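Here the chain labels run A, B, C, D, E, F, G and H in written order, and each chain numbers its own residues starting at 1.
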Amino acid sequence: MKVAILMGSKSDLTVMEESAAMLRQFGIAYEMRIMSAHRTPDEVMKFSRDARDNGFSVIIAGAGMAAHLAGVIAAHTTLPVIGVPIASSPLNGMDALLAMVQMPPGVPVATVSIGKAGARNAALLALEILALNNGGVLKKLDQYRSDMRRTVLEEDDSIRNA
Amino acid sequence: MKVAILMGSKSDLTVMEESAAMLRQFGIAYEMRIMSAHRTPDEVMKFSRDARDNGFSVIIAGAGMAAHLAGVIAAHTTLPVIGVPIASSPLNGMDALLAMVQMPPGVPVATVSIGKAGARNAALLALEILALNNGGVLKKLDQYRSDMRRTVLEEDDSIRNA
Amino acid sequence: MKVAILMGSKSDLTVMEESAAMLRQFGIAYEMRIMSAHRTPDEVMKFSRDARDNGFSVIIAGAGMAAHLAGVIAAHTTLPVIGVPIASSPLNGMDALLAMVQMPPGVPVATVSIGKAGARNAALLALEILALNNGGVLKKLDQYRSDMRRTVLEEDDSIRNA
Amino acid sequence: MKVAILMGSKSDLTVMEESAAMLRQFGIAYEMRIMSAHRTPDEVMKFSRDARDNGFSVIIAGAGMAAHLAGVIAAHTTLPVIGVPIASSPLNGMDALLAMVQMPPGVPVATVSIGKAGARNAALLALEILALNNGGVLKKLDQYRSDMRRTVLEEDDSIRNA
Amino acid sequence: MKVAILMGSKSDLTVMEESAAMLRQFGIAYEMRIMSAHRTPDEVMKFSRDARDNGFSVIIAGAGMAAHLAGVIAAHTTLPVIGVPIASSPLNGMDALLAMVQMPPGVPVATVSIGKAGARNAALLALEILALNNGGVLKKLDQYRSDMRRTVLEEDDSIRNA
Amino acid sequence: MKVAILMGSKSDLTVMEESAAMLRQFGIAYEMRIMSAHRTPDEVMKFSRDARDNGFSVIIAGAGMAAHLAGVIAAHTTLPVIGVPIASSPLNGMDALLAMVQMPPGVPVATVSIGKAGARNAALLALEILALNNGGVLKKLDQYRSDMRRTVLEEDDSIRNA
Amino acid sequence: MKVAILMGSKSDLTVMEESAAMLRQFGIAYEMRIMSAHRTPDEVMKFSRDARDNGFSVIIAGAGMAAHLAGVIAAHTTLPVIGVPIASSPLNGMDALLAMVQMPPGVPVATVSIGKAGARNAALLALEILALNNGGVLKKLDQYRSDMRRTVLEEDDSIRNA
Amino acid sequence: MKVAILMGSKSDLTVMEESAAMLRQFGIAYEMRIMSAHRTPDEVMKFSRDARDNGFSVIIAGAGMAAHLAGVIAAHTTLPVIGVPIASSPLNGMDALLAMVQMPPGVPVATVSIGKAGARNAALLALEILALNNGGVLKKLDQYRSDMRRTVLEEDDSIRNA
């Protein structure tokens, strides 16, 4: 039970670190890799093809601009692939979003929101998938939801008493 | 091992039927429901909360316009929720896409492409998730990929010889 | 005669404080709350259902990204719900705008402009609604319009004499 | 207790008739008028200024393209003004939406969704405002919500048994 | 032969000052005014109606957000009205652009580019209109074009020799 | 006193004929020409340079896609150039609009709305410019406004009595 | 001297046939192939890697939605790759355009306009590249330009005499 | 074998310098020029017409806003023209992108990504074109790809060991 976090370039690291931090918080093993659909396509292909055999259950892929990384990975594996669009061009991530989410029929990419919010949600989505067969993760997810809920309730309290 | 296919209105049926057809083709049980985040919110909440206990592993939700259905479901379950944006307003589905994919951190929706292509991919994504613990589904997914590949190769042949 | 100001997260406070300031200026009671359609959905539902009985006449809801808050509230009450889209993602609030304004038929959200301008207008719209049955508020609204007018006239004078 | 339904041109009638039908269904008096912010600005101004004295409680305004009608009305009255963006140019109503919703601070327009869905919601929003002081309308709104709910439940039944 | 430069708010002054500076450079009289389609609609109407009699030949109007100013002016005069969309909301001026340029048939607004570039071009367009009957302005326009051309040629020289 | 109506391709004729019809209605001479910024650039340049000497006062240019025609004309003349964006690609005229209106500082194009509405407004804008020095045109413009006003009033009457 | 025309699916054939027709008109050999970045990625990779050795000089790739085809080809060859975005989703080709043109630094795709216009231009761009070392193609390109020019001049004549 | 790098204004220099740096790195001669489609159209025309005779093989053109430069060049030459859209307006380069890429059929512009990434890719695309007949450039391109690949692999190593 291991998650792969791939990104197209080192400049995506500050965003994708949000995925890693979330997985660490849940005690889930992950491997973080820099691979580019355009600059190291062979590595992407090989990684994607071997991912299941190498023990990965889910692949998270973050990329910006014409973000092909998630789609190219998905073309080489039937593992669930989660795409995180990154806003690294003047178009504010709309380019990456459309290049990820609008996959043609047959090869899905599970796309989440643009940037850090998406990176965090990508990890949570991976955890929800893992939780289908892991009661421990499920319990932690429930706890995470409770914690989020309590944080909002506390914020609510704080402004009510302000 | 059962998939839920929810949609906000009966007019979404022709789109979401693509998800159902795909699951039938893979021999996976599914339940198809019409529930509206705005018109039957209690049913959505109840369905979402009980979904895991009722044997569902994945929830697919299709909706158009300010498409809240998938997000509202995701707020009430930690099952993976897959969102299919539907183009049912003059804005061509851009409204539904942004209302689904741009979920705030904490509650992910796995968004796929707009319309029928997305409905088909939503089912395939669900199958990829199920295949993590089901060798039979995995085998059929591999077969599905092979069939797609062969179809493209045949199309390729047909135009090369045209 | 009381107005509720809800927001999805504490980070929306600087925007929504504009609504509060306007209501204070008009001497209208309001309650400011942090509630999240995704992280505290039960609180949102309960608040919305009880709002009329608790003396609220109008609900203002500010949210960013896939801004479901206003729509979820509107699903649980027939009080007028005013939505303020907040620009809290790289998409500059276009995501929140479409996720609020494009409500399907049956459950309206009265959407105003993005950000602080919208938060101020949300309060004014609430005041216009209250003024339908309150001559005092109406008189203050007229005064507010006069003041705005005078400010513009003074600005006009100042550049004419510059 | 009377609602005004204004539109910029006769070609908007098929859209705005949805507002009228809804009000008829609720037994609320309305007046339907064609007035143009650009072609009959004096009539718009006069109508807006006199609307409160003439017994109107809410003004619904539908317009397409650079849809100024709702904003111009709002500049001349402190009645609540509801704007319905209409898709009457190649830009699919995005022009009308932005020209309505993005009002500068001080003069709000309560904007609803583009086209017929919006016209229906505009009437419902007007009814929600009227219901604040009219138990009869409130009761009918509750009934309307129940009817919607039942319709969805019936649709849900019909596909479950299909 | 006089040009009016109107703007909706004092915050538009840094943009619209570009129009004024251009007219000063050409020795053309202008009057700069702050008037708001929404906050001082009567002043806008009166100014527009009297503009021709008051010796104005062209009206330049700059506004942001749901920029109605130019259209409202154009509804009250048959003088040429030039609109400058200003980027004063998170939508980067796309709202102001569409609210200005997409005027319905019958009442044109001559729209130029967003922001300072547009303010400068608005003045030049006004000068082109004045030059139709004023050889002096025409001569200065030709000189302005020559100067622009020379500037570019010099820039070209400077990088060729760099 | 003559107006030029240029368009980039014969397929633009049904749109630009709206400009011609308006000018005919006002009794203003016009010349209609097909010239392409990309396919007959020399003709465009020559026409633009000689336009003033050939008696033209205003040039209307309609084009679709990357609509350069108006800008290229404007580069070669200081006559007022009016641009009509035409929706002749899948992007619904947004491409033509931005390629026309976003002219860099120094060379303005007076851009009007997309398509037939814009073609009509382009002619009216040209007439407003001509009317600055032609009382006859001014009188007809006033008459045109009155006629529009009367049409709207009649439409208004017709639905009030329906 | 041979051009490859690749497309992601048989449904793209009516668009990409425009490229083929243009090349036939110029007497340039071409090979037309259906290959999918997602469904037959190995074939795409192999084709791209061998393309230069197999005698191809330029590769034209047409695709819709999240159009990865051109980028994936470009990752495997240093031949010039020309991308034709195809409008095959509700987003009118904006998705395909951004997914093609916004390539990250290092691996360029020469993107042309959406749809049939782009398919024709892709072939012309390929011919311009070939003409750098082939006087015959260059002569035909000059002839093509002359023919286009004459067509426009004839269209111009026809409406001038209409 | 020489490449031209044209830009519409000196402010584009920091972007277009990326093209120059890339060509220097490959040892390819280039000429960098500032020419404006609107301010020095004659120079653009003359340069474009003579470019082939003056030994240029490819023309790179960078421009912002209504970016006509590349299209105007392409109208006067059958050399390959590569367009770099520059984000120099509030619209973030979307205006320049559409004004470049959406060329009508007959006159192609090879458009690359917005800004510096595009400027670099424009040079690489030019080099790919030159490499068709120059084994030395081809070899360097292969080396460049290898270097990119190695950089990514090293980045990958660095985070794996972090």
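Definition applied: a contact is a pair of C-beta atoms (placed from the backbone, for glycine too) under 8 Å apart; a residue touches a chain by one contact, two chains touch by 3 or more.
Every value quoted in this text rests on a predicted model; they were computed, and no experiment measured them.
The chains that touch both subunit C and subunit H are A, E.
By the document's definition of touch, common neighbours of subunit C and subunit G comprise A, B. Centres computed as Cα averages put subunit E at a distance of 34 Å from subunit H. In subunit E, the residues that reach two or more other chains under the touch definition are 9, 36, 39, 65-66, 89, 91-92, 94, 101-104, 106-107, 109, 113-114, 117, 145, 148. This structure has the following touching chain pairs: A-B, A-C, A-G, A-H, B-C, B-D, B-G, C-D, C-E, D-E, D-F, E-F, E-H, F-G, F-H, G-H. The residues of subunit B lying in touch with subunit G in their complex are 87, 92-94, 113-115, 117, 145, 148-149, 151-153, 155-156, 158-160. Taken together, the subunit D residues at the contact with subunit F in this complex read 9-10, 13, 31-36, 39-40, 43, 65-66, 89-92. Subunit B contributes residues 8-9, 36-39, 41, 45, 64-66, 68, 71-72, 74-76, 89, 91, 94-95, 98-104, 106-107, 109 to its touches with subunit C in the complex.
In the complex of the two chains, the subunit H residues touching subunit G come out as 57, 78-80, 82, 97, 101-114, 116-117, 120-122, 124-125, 128-129, 131-133, 138, 141-142, 145, 148.
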